[in-house]
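Next up, some structures in structure tokens.
Look at the two complexes coming up: chain A is in both, with chain B in one and chain C in the other.
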Partner chain A sequence: MGRSLKTLAFHGVSLILIAVVLYPAVWMIASSFKPSSEIVGNAAIWSENFSFDNFIKAMDGIGGISTLQFFGNSLFLAVASVIGVVFSSTLTAYAFTRINFPGRKFFFTMMVMTLLLPFHVIIIPQYIVFQQVGLVDTYVPLLLGKFLGAEAFFVFLMVQFMRNLPKELDEAARIDGAGHIRIFCSIMLPLMKPSIITASIFAFIWSWNDFLGPLLYLNTPDKYPLPLALRLFVDQTQSSDYGAMIAMSVLALLPVLLFFLIFQRHIVEGVSTQGLKG
Partner chain B sequence: MISRRNFITSIATGVAAAAMLSACGKSGGSAGGGTVENPTVLNYTWWGNDDRAERTNKAIALFNEKNPTIKVVGTFTDWAGYWQKRATEAAGGGLPDVMQWDLSYLRDYAKRNQLLDLSDVGVDLSTFDKTLLPSGRVNDKQYGVPTSTNAFAIYYDPAKLKEIGVAEPTGTWTYAEYKKFLTEAGEKGAGKYNGSTDFTGIWWQFNIWLRQNKIEAFTSDGKLGFTKDDLRKWWNLAADLRGTPAIISSDKVTQLLPKSPFGSNKTVSEATWDNFMAGYLADSGASELKMVPVPSDDPDNLGLFLKPSMLMVASAKTKNADAAAKFIDFMVNAPEVGEIFKTSRGVPASKTQRDGTTFDGVDAQVVAYEDSISKYLSDAPEPPIVGFGTLETEFLRIQEELNYGKVTVDQAVDQWFTSAEDVIKQNA
Partner chain C sequence: MTHTQAPTRRAKSAPPQRNEKLKLRRAESRAGYAFLLPWLLGFFVLTAGPMIASLYLSFTNYNLFEAPKWIGVDNYVNLLSDERFIQSVKVTLTYVVFGTPTKLLAALAIAMLLNSKRRGQGFYRSAFYVPSLIGASVSIAIVWKAMFGDAGPVDQFLSFFGIGLGGWVGNPNMTMPMMILLTVWQFGAPMIIFLAGLKQVPAELYEAAEMDGAGWGRKFASITWPMLSPVIFFNLLMETINAFQVFASAFIISGGTGGPAGSTMFYTLYLYLRGFGDFRMGYASAMAWLLLIVIGIITLIFFKTSDKWVHYSGDEK
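And now, the complex of A and B:
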């Protein structure tokens, strides 16, 4: 008797917590169907004036540029980031863990130290460099670092994972005559699936949500990704269209949510099978 | 996790330092002679929403059509992002040729030699009211040209006044009469309406009151131009109204946020800039709102001035100063541009543009108000000092504490002066 009461209490508290945690998200989705005037200063979910107007307005785009274009730009940047990050960070991690080159420890320390460097310290020098070589208003400044293994967080993640993979595996491959490239492609990459998926999820979401990078480096509105476009609906100096902004936020959330739902299964899978095979 | 967006706020500081370092070099802008086949490219950037983007694109298209040797390329972002981007570009030496600008950033960028002096590059300034131009001037150089203006006004809702049986203000009144009006409205409003928000918390009304007493709020070297006594007198002006129905209480105001008490139909009047008209009408649902000039104890000196709601500036490093000037001239003086923007930027500042634009409805009312006060106008103050935003926020915050009864007027005055002197020292 006492035990079922305890379970009941536990579930009750959990449900309340879920409600509190999820309320902002639910409110956002509900608000996307409300007229602008009912959104601000109103915490209620239900509205009498249910309509799709906000979505229609959001899809209209801004200044003659369609919303699909913003979606396309965001998607391009996110996918390219994922490819860049996965490609460059696995390769860099392989070099750091499996190849004994001179200065390995030094370079590894240097790389980890860049993690400690706040972004706003490098922002101006970086801008000046890209401006001097004329790469402002292209996607190059946003993607270059990702293809060159400059994202220390991901390299570090891969290195930590790769260190746990038994060295015997590549030694066996070496005896069979495999070189570094073969070992990397046929042994390491398949084993690294869980960490590659983790890195992909982060790279995708960070790129999708990145506001400052595109803000600084992109000038022409038809190159803007979604976060920049979203802000254009809310202008403090003129009337703000909160309805359209929230509708677009909901739309912008969907790809990230989908991406996470699809790949989240693989993280769990990867972690659980790792123990069996190891 | 490493979140880059969290750094946004701290960037401004870093950028400011870097901007100072790199603002040393200044290159003279030579006229880039473009041809029809190979036009001079001019970058123009602005902040704003979809509506402004459409109007601006229309104006740019018109300009490109009339000036085939110049090609204006327009870009836009939102307000907050706009200034982050400008700060980085200024530090990196890559500001766009022509920019839409805000008064609060003018002095900062002018002081760092980032902006072009527009006095004699070919922008026609004779079409502007003489009193307006000082607002774009820093150290006697015309860095900014106003596109449009706002003027300060007291709004009231004639329908509500009729409902509670209070006579409408005539438009000429002293502070004693103004206070009597608020008291009467508060009493007859019987809990449903208050008179107004506490007008002594509004920096600009204080500024105008100082001007009525022939005091400038800031000296030309960026120090405070008034004394503690002046501020004490101002905050004491509403001492007998605080806590009475004449003035809406601060906690009610907070509850109503982000809407204003006047827009939420809780007060019968409000003191603010005339560009709020459309917003108030939409928020309150009132069929008509009216505006009258601020009260003054000196009927010949209302202290009123026109404030640029927006300016046009050019980068000091632009290689196409002539083309930039031509474009700015077009944007502020061409009647067709006025017709495109109507009052969405504010009331057009230049005479040619104002005369060349047809206004209707609310627009016409705002234009008529600015015309009606033209005889009272005196020179607009110079662009506000760096850090002015903080001073204005502090002014309202400390006045709210006063309203809550947490501090006395003397304490409030001391508090504000301490923080003001800090801000001025930091930004000197």
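And now, the complex of A and C:
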């Protein structure tokens, strides 16, 4: 009896907490279906005037550029980021864990140190370099780092995973005369699948939500990904039109939430074992 | 090479094979650097190079159009008398000092609540994690601004209890609590890490303590806290470093101004405004290096004091 009462209390407390924590998200989704006049001055979730009007307005986009275009830009950047991150982090991790070369320890230490490096220390010179070579207002500055393993988190994730793969596997392949490229492609990559999936999910979400990078490098609106488009939308719409603004915010978050529903287990595992932030 | 060695070893070190071995090692080195090439390029061109460059620039006046002019430590000296800079330091430190511990306490409390073998735990864990996933996005910053604005739901709710504060967004005294609530709301990621740590604590320890009549507080102080201290250390370090770098939410909520009355002028926002608004690249570089030094010192303090309060149990690692 005491036990089931305790269980009841546990679920009761948990559900109340979840209601509080998820209120902003639920309020956002509900508001996206409400007329602007009902969003402000109203803490309630339910409305009798739910409609898709805000979404229709939000899909129109800004300044003659449709929201679909921004979606496409975000998607392109996110997918390219995933490819770049997987390419560079697996190669780098293989070098660090499977090949013996002078300088390995030194560079590994350097890589770990860059884990804690604040991004803001390097943005100014990076910007200057990209500006000098005329690559501002292209996607190159946003993607180059991903292909060159500049996001140490992903390299570290792969190294941790690869370290736990038995060395006997590649040693056996070496005795059979396989070179590093063969071993990397046909032995390591298939075994790395779980960590490649984790890295891909986070690379996608981080790119999707990134604001500072596009803010620095992109000038023409038709190249904007969603976060920048949202900001433009906020600047140009009168702040009273919360409806369309919130509808567009919901649209921008939709892929991330969808990702979470599909890959929940991978994401939670990635956070708990690798300390990856959301 | 002596006669006492096993025949196989002697054969390996005989001159022709030795050459072979050297060749092999060279091939290994080449392969190593070939695989490392993308990262090496990124490290030198995108990380180490820019770091040195920004250190140099921090001693110059540079506006992107004329050549950098060496001015010594002037940028650093000027920072000390720059009121907006001092304001940004105050804002950021307040945010770090109050926001991070609150967030971690919430994370720990809810992790302890969830750490049981009851059904539904997985669902709760995922639900609590959602804000961490979306919290730093522009979308949520917009929603936050609407929620805490004049007559927004937060104001409505508080007015119901007779605590009418009006909109938080336009009130310089309330923007900091609003920003701290936004970071505390994202307690899910450290909570998941705490949960993973709690699962590692052997249940026998609690059972033994209960037999000795230990109460809840005693169990927490003598078992949970010390056993969890490596995880607490990790979370505290990472969350502190991240808190220094908050940008998008402050930018969107204040419309890129750091207002009202400089109350959301976070360090990174001011750095951005100086570097990319006024094109004072040298000045912004000095700010970037100060940030790096402060984060470096904090990391060092964390590691230096860790042996006093972080316990690594002997049988693990």
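Criterion: the second predicted complex is superposed on the first by the 254 of 278 C-alpha atoms of A that agree within 3 Å, B and C clash if a C-alpha of one lies under 4 Å from a C-alpha of the other, contacts with A are read in each partner's own complex, and residues count from 1 in each chain.
By definition in this document, a contact is a pair of C-beta atoms (placed from the backbone, for glycine too) under 8 Å apart; a residue touches a chain by one contact, two chains touch by 3 or more.
What you see is a predicted model, and the numbers here were worked out from it, not measured in a lab.
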Q. After the chain A overlay, clash or fit between chain B and chain C?
A. clash
Q: Name the contact category of A:64: first (chain B only), second (chain C only), both, or neither.
A: first
Q.
Looking at A:4, would you say it contacts chain B, chain C, both, or neither? Reply first, second, both or neither.
A. neither
Q. More residues of chain A are touched by which chain, chain B or chain C?
A. C
Q. Regarding the shared-chain residue A:92, is it in contact with chain B (first), chain C (second), both, or neither?
A. second
Q: Using the touch definition from the top, say if A:119 reaches chain B (first), chain C (second), both or neither.
A: both
Q) Taking the superposition as given, does A:22 touch the first partner, chain B, the second, chain C, both, or neither? A) second
Q: Examine A:109 and indicate which partner it touches, taking first as chain B and second as chain C; both and neither are also allowed.
A: neither
Q. Does the superposition put A:209 against chain B (first), chain C (second), both, or neither?
A. both
Q | Touching partner for A:231 - first (chain B), second (chain C), both, neither | A | both
Q) After superposing on chain A, which stretch of chain C overlaps chain B: 9-17, 99-107, 279-287 or 297-305? A) 279-287
Q: Starting from the residues of chain A touching chain B, keep only those that also touch chain C in the other complex, and list them.
A: 40-41, 118-121, 123-124, 127-128, 131, 209, 211-212, 215-216, 231, 234-235
Q: Using the touch rule from the top, collect the residues of chain C that touch chain A in their complex.
A: 25, 28-29, 31-33, 35-36, 38-43, 45-51, 53-54, 57, 64, 110, 113-114, 116, 118, 120, 124-140, 142-144, 146-147, 149-154, 156-157, 185-186, 188-189, 192-193, 195-196, 234, 238, 241-242, 244-245, 247-248, 251-252, 255, 268, 271-272, 275-276, 281, 284-285, 288-289, 291-292, 295, 299
Q. Mind pulling up the chain A residues that touch chain B in the complex?
A. 40-41, 60, 62-64, 115, 118-121, 123-124, 127-128, 131, 136, 153, 202, 206, 209-213, 215-216, 219-221, 228, 231-241
(Q) For a test of understanding, state which residues of chain B touch chain A in their complex under the given definition. (A) 1-2, 4-5, 7-8, 10-11, 14-15, 18, 43, 45, 47-54, 57, 73, 75-81, 84-85, 88-89, 91-94, 96, 256-259, 278-279, 282, 344
Q) Mind pulling up the chain A residues that touch chain C in the complex? A) 7, 10-11, 13-14, 17-18, 21-22, 24-25, 27-28, 31, 39-43, 87-88, 91-92, 94-96, 99-102, 104, 107, 110-111, 114, 116-129, 131, 144-145, 147-150, 155, 179-180, 184, 205, 209, 211-212, 215-216, 226-227, 230-231, 234-235, 242, 245-246, 249-250, 252-253, 256-257, 260, 264, 267-268, 271-273, 275-278
